[in-house]
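First the structure, in the form of structure tokens, and then the observations on it.
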Amino acid sequence: MQLHLMTWQDVESYLQHSKGIIIPIGSTEQHGPNGLLGTDVICPEEIAKRMGAEDDVLIAPTFNVGCAQHHMAFAGTITLRPSTMMAAIMDWVNSLYKHGFTHFYFLNGHGGNVPTINAAFAEIYAQWSLDANDPSGAPLTCYLQNWWELPGIFDLCNKMFPQGHGAHATPSEVSLTYYAYPEAVKDVTMTPKIAPNGPIKDAEDYKRRFPDGRIGSDPSLATVELGEKIMDASVKSLSKSYKAFLNAR
Amino acid sequence: MQLHLMTWQDVESYLQHSKGIIIPIGSTEQHGPNGLLGTDVICPEEIAKRMGAEDDVLIAPTFNVGCAQHHMAFAGTITLRPSTMMAAIMDWVNSLYKHGFTHFYFLNGHGGNVPTINAAFAEIYAQWSLDANDPSGAPLTCYLQNWWELPGIFDLCNKMFPQGHGAHATPSEVSLTYYAYPEAVKDVTMTPKIAPNGPIKDAEDYKRRFPDGRIGSDPSLATVELGEKIMDASVKSLSKSYKAFLNAR
Amino acid sequence: MQLHLMTWQDVESYLQHSKGIIIPIGSTEQHGPNGLLGTDVICPEEIAKRMGAEDDVLIAPTFNVGCAQHHMAFAGTITLRPSTMMAAIMDWVNSLYKHGFTHFYFLNGHGGNVPTINAAFAEIYAQWSLDANDPSGAPLTCYLQNWWELPGIFDLCNKMFPQGHGAHATPSEVSLTYYAYPEAVKDVTMTPKIAPNGPIKDAEDYKRRFPDGRIGSDPSLATVELGEKIMDASVKSLSKSYKAFLNAR
Amino acid sequence: MQLHLMTWQDVESYLQHSKGIIIPIGSTEQHGPNGLLGTDVICPEEIAKRMGAEDDVLIAPTFNVGCAQHHMAFAGTITLRPSTMMAAIMDWVNSLYKHGFTHFYFLNGHGGNVPTINAAFAEIYAQWSLDANDPSGAPLTCYLQNWWELPGIFDLCNKMFPQGHGAHATPSEVSLTYYAYPEAVKDVTMTPKIAPNGPIKDAEDYKRRFPDGRIGSDPSLATVELGEKIMDASVKSLSKSYKAFLNAR
Amino acid sequence: MQLHLMTWQDVESYLQHSKGIIIPIGSTEQHGPNGLLGTDVICPEEIAKRMGAEDDVLIAPTFNVGCAQHHMAFAGTITLRPSTMMAAIMDWVNSLYKHGFTHFYFLNGHGGNVPTINAAFAEIYAQWSLDANDPSGAPLTCYLQNWWELPGIFDLCNKMFPQGHGAHATPSEVSLTYYAYPEAVKDVTMTPKIAPNGPIKDAEDYKRRFPDGRIGSDPSLATVELGEKIMDASVKSLSKSYKAFLNAR
Amino acid sequence: MQLHLMTWQDVESYLQHSKGIIIPIGSTEQHGPNGLLGTDVICPEEIAKRMGAEDDVLIAPTFNVGCAQHHMAFAGTITLRPSTMMAAIMDWVNSLYKHGFTHFYFLNGHGGNVPTINAAFAEIYAQWSLDANDPSGAPLTCYLQNWWELPGIFDLCNKMFPQGHGAHATPSEVSLTYYAYPEAVKDVTMTPKIAPNGPIKDAEDYKRRFPDGRIGSDPSLATVELGEKIMDASVKSLSKSYKAFLNAR
């Protein structure tokens, strides 16, 4: 159940039985020689879409540009300043809260978003904490879950790719996108086969360390079939994780 | 050529021969009893996607939540504050400009976005106008085009729907979304058949005047077939309009 | 009845019988070889002042610097960033609302202000739309009226100046300022007599296209006498327009 | 020489021989039972206008709404938040600096503006101090002068009004406005004749302490004639003060 | 009683009998050849700490970086933009107000902070003045006191240092820091013995006028013993001033 | 070498041989029944101070109020909004960079600061990434190190406190503060001896789950002696970690 394919009356009905929503959130940034600029958008969006269809859970539009400052030396990357991203997340949550939603589950596709999303949550809660006239706390709950850290997924990926899973432009995320967009499969020889590792600093430093954009990975291992397996596991894991979030005391 | 389905090397190659990009920009907001919350996102996204594929023009990710304050009394609507939207548009443009893009064509799906997009353009240009150390002007050009005002389209829609085209939740935009998502076609009886007209003010006032969300329209006239005709005409018109933008002195 | 020439007790009395106020809003920017930098300030200020005196309507101080980024290549132009202008308009409205005003009629003198003023209105309304604790909508109404689009005025101007009315530094606005400040009348030969037309982009681009600042106009046609006629018609039209605004359901 | 009554070519010529400009800055706020809401705008505006005419000095438009939070319990008062006022002052200065102005003399009419104007100056200078790429300092100078502290003026006012000059809604400022707008003269009996003194805190506290708005003053002493004397002295003093500012090493 | 050395239960108890708190606020900036970069932090911090211990008054953490733009040409100086400082002061006050504090006494160590602190107070109060739904005023009071202007202190310092007290890097403030940190005493020959006087503008201008950072002072006169005397007098004076603040109607 | 106890000439000398600086950063927030509100400030400040003295490394003033929204239901807690904290960190770094510092090592005392500090780093780097005129990347490096994650420290603490180390108000951090401030040692019986565990959400939720403020810990195990051991180990580990940071390619 994707919000953008529903009418407002559909959402009103949904709110009769649930106050929860899943918001896929990603980033538009380079993903190495055979990975798509939309990788971090596609992964959470596709997992959430499938899970939402199976479980009758509402999926918000995808927040599709995030914090990718460190990828800005690669063409096509788009980044928000963290302060902009926080303001936008706050507006999304406050809008949906106004309609009655109280449980906001962000399914995230990009590690670089994590600090800013968490800072945005604190900024949202602070609307109540710093409001002198409000005796009680925030009446809503925000939750951040990286898809690759859904229970069971990280282990699965490491088992699939014992060598060359790495940290950016990983074969697991590329597989997911290939499964979603088989027409995007690319056959690229990686040089070196496994990309170097190292710390992430500023954009220029990133490009110097990781000239083709990958970190520690060999995404030429990605296939549609492996993507399907990761997808199936992720959808199942998300279903459990989301229910746990809704039911948490 | 959708940026999110390309690699960074693809974008680098594209920049060798073009500095232009089309950014679909919409809004997530109610569109009456049979229109989708994503209508204003889907229309420019789908037109741009088709035109970009035919003409080898780069299409950015869709800016999918805009200024919908006046629709906030209807469930599912999400709005940015105009100040947030301006900051985000500025970040998108500045990111892409850093890679070498200089011509930004925003294909817009929502009338309520127009003021804020234009204000954002002025804010972007002002980076140069108010920079004491910069003797020359802004080295980039931003352009706003509402899809329904693409040359020829408004006339086409009025001819198709001589009665009940209206101003919000129009049969033309609903037709476009039905063509893109035939599974979303809804058979809803409109009461009254043609919605009332009136001014747009605050959200609550809007709902009082237009209880089911439509303004002046009868979107039950929408069909997949009419959507296809509008789509074809819009793609052709966008192609010409974009070329004119690139070639303008 | 100009607010700045009244005491606070006068305003308190006024509020007993009316919650409406007119706010002239303009821009400080070049207006070609014989037009004043204050043209867009003077026009709405003088129209409003006269109408307020006749109708016992309260006229706020004039918001005298607006969004003139595109005129910044001409000496003397002052511009706010759109984000600054929005914050200021919000403060003006919130201040006056606190005293009891609920109907804000902005009489605008500058086309370039339109996007930002409308964005400011949405930002003001969003204070209520995004306030989770507020069940009802915005208790105030903001309205934007360009003086040259007051009913009847555009036709009058086009009839007066069938050739060379143009789009910036028009003979009609220059005439209005000459009528208000006869000592400012300037006899300048325009070269070419009618300025070129074209699109408005960044400041430097503007100066390249329109070297003396005019767009499509021949302001040497401006006279005190014509200014008086436009003034009288505008005052009458404003009177009707403002009453309609107050009485709108 | 008022900028808003000049053309851009006039300003360009002025810049050939001077880089200085005077910006009258005031506040729209209550001034007791016989003082105008525009008092703090009118005083610096009228002094500057006369001085500018005599000395061929450029006078900017008047910054006419300032920081009047503490007067907000009185109808008609309009205030900016200090953060808004700082942004606006920065935009005015940066706009004028872009044209070549380097010496900004703010003639202020309102004590409550002083902190924010000075904070704005620091924010403006910090554009250079915090710009890592700029080896030298700010290439412009901002100066704040309260009109009533122009050399000689405070003594003159105290001599004129040995009793009841006070601190807000003073007979000297009211006299100045009466001289500028003789039609605004009001004959009001003050009760008590001299208003109480006390500290300034929040708006509600202000109204409790100073129920008619005055602090320590008896503005019924104000006359057109005394206003003329203060005006003449202020114009002369401003002339000297401005020259000293321009010539300061 | 320093807040950072107390538990939350201690503060809860304190709030049973007092709603007041003292916030030392300073700046990290150059203080000439023998003065510490922390001078303006240490002075209010040490005075408040001693007074708080004697009088059982709660002392907040020290706000230790302020507005020092004009000292930025000297190594080690750290400055906030005024807009940042205002936001931070607002957050401190709003946090403490949420716990029940209503009386905020800022003991300031730096003249350059004065405008921004006062602007912050107005911004804080404006939360109530501009809140349409709040019929009463701000329920808290903020007060700014420079330590060197505590009753009796300025006279004492001038008597101690009849020559060379000056305006920045004064022997009185340096003495205070020497008393607090005797290990920091430095024996430096000042050249010239008494520093020049002059106006404060931008950072670069400051360094040109005052090459070693001092203004009008001879801080080589500073001693631990004199610091002790100033400390004792300041602690006593603060005690009285704070009580007066709490008891003011 | 604490910056606030040095002169500007000392810092200028330091910059001749090093461009690195350590910035202790903490939070002012409840730390349970026997922990100080300043715990998260004191820990990094005291570790850094000792290490700086031994290694001749410059220690900046402590950033002493951070992101403590989730502790706001406990008296004495002070929080910045994340957006304010980001602006302040940016100002600190930009100020110090202007003097020549290029390596910024933030020694952090509070887990809740981590997202905002990392977001601030991205915002700082984005000054360069989004600056169209700057062809190279950020010329500075920011690094975040939580003191309890310094190599070896977490293991040491877990060994010391095999039961009841927990996640907030831990015996290790309380021990460190007791070592630094022995007069602050408190003998409090904890009920229950080991606090409950659970997730961190909004402030009110936090207080409901963790009524005395502790999470999973038994801080009654804290002693001055254990604090000394943690201190010594932390100082040594910081020394190595900082050198590694400076020497990283």
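List of remarks:
Labels for the chains are A, B, C, D, E and F, by order of writing; each one numbers its residues from 1.
Throughout what follows, contacts are C-beta pairs under 8 Å (C-beta built on N, C-alpha and C of every residue); 3 or more make two chains touch, one makes a residue touch a chain.
These figures come from a predicted structure and were not determined experimentally.
Copies chain A and chain E of the same chain sequence form an interface built mainly from non-equivalent positions, shared numbers / all numbers used being under half.
Rotation relating chain D to chain F, from a C-alpha superposition: 120°, rounded in steps of 5.
The interface with the greater count of contacting C-beta pairs, when B-F is set against E-F, is E-F. Taking each chain's centre as the mean of its CA atoms, A is the chain most distant from chain D. Ranked by separation of Cα centres from chain B, the top chain is E.
Distance between chain B and chain C, defined via averaged C-alpha coordinates, is recorded as 29 Å.
One simple way to say how far apart two chains are is to compare their mean CA positions; for chain C and chain F this gives 53 Å.
Listed for chain C are residues 72, 79, 81, 83, 91, 95, 98, 129-130, each touching two or more other chains. Pairwise chain contacts in this structure: A-B, A-C, A-E, A-F, B-C, B-D, B-F, C-D, C-E, D-E, D-F, E-F. Partner chain E is touched in their complex by these residues of chain A: 129-130, 132-133. On the side of chain C, the complex with chain B involves touching residues 67, 69-70, 72-73, 79, 81-83, 86, 112, 114-120, 122-123, 125-126, 128-130, 136-138, 141, 199, 201-205, 248. Per the touch definition, chain F reaches chain D in the complex via residues 91, 94-95, 97-98, 134, 139. Residue ranges of chain E in contact with chain F, taken from their complex: 2-12, 15, 28, 30-38, 41-42, 60-62, 64-65, 72, 74-81, 83-84, 87-88, 90-92, 95-96, 98-100, 181, 184, 186, 213.
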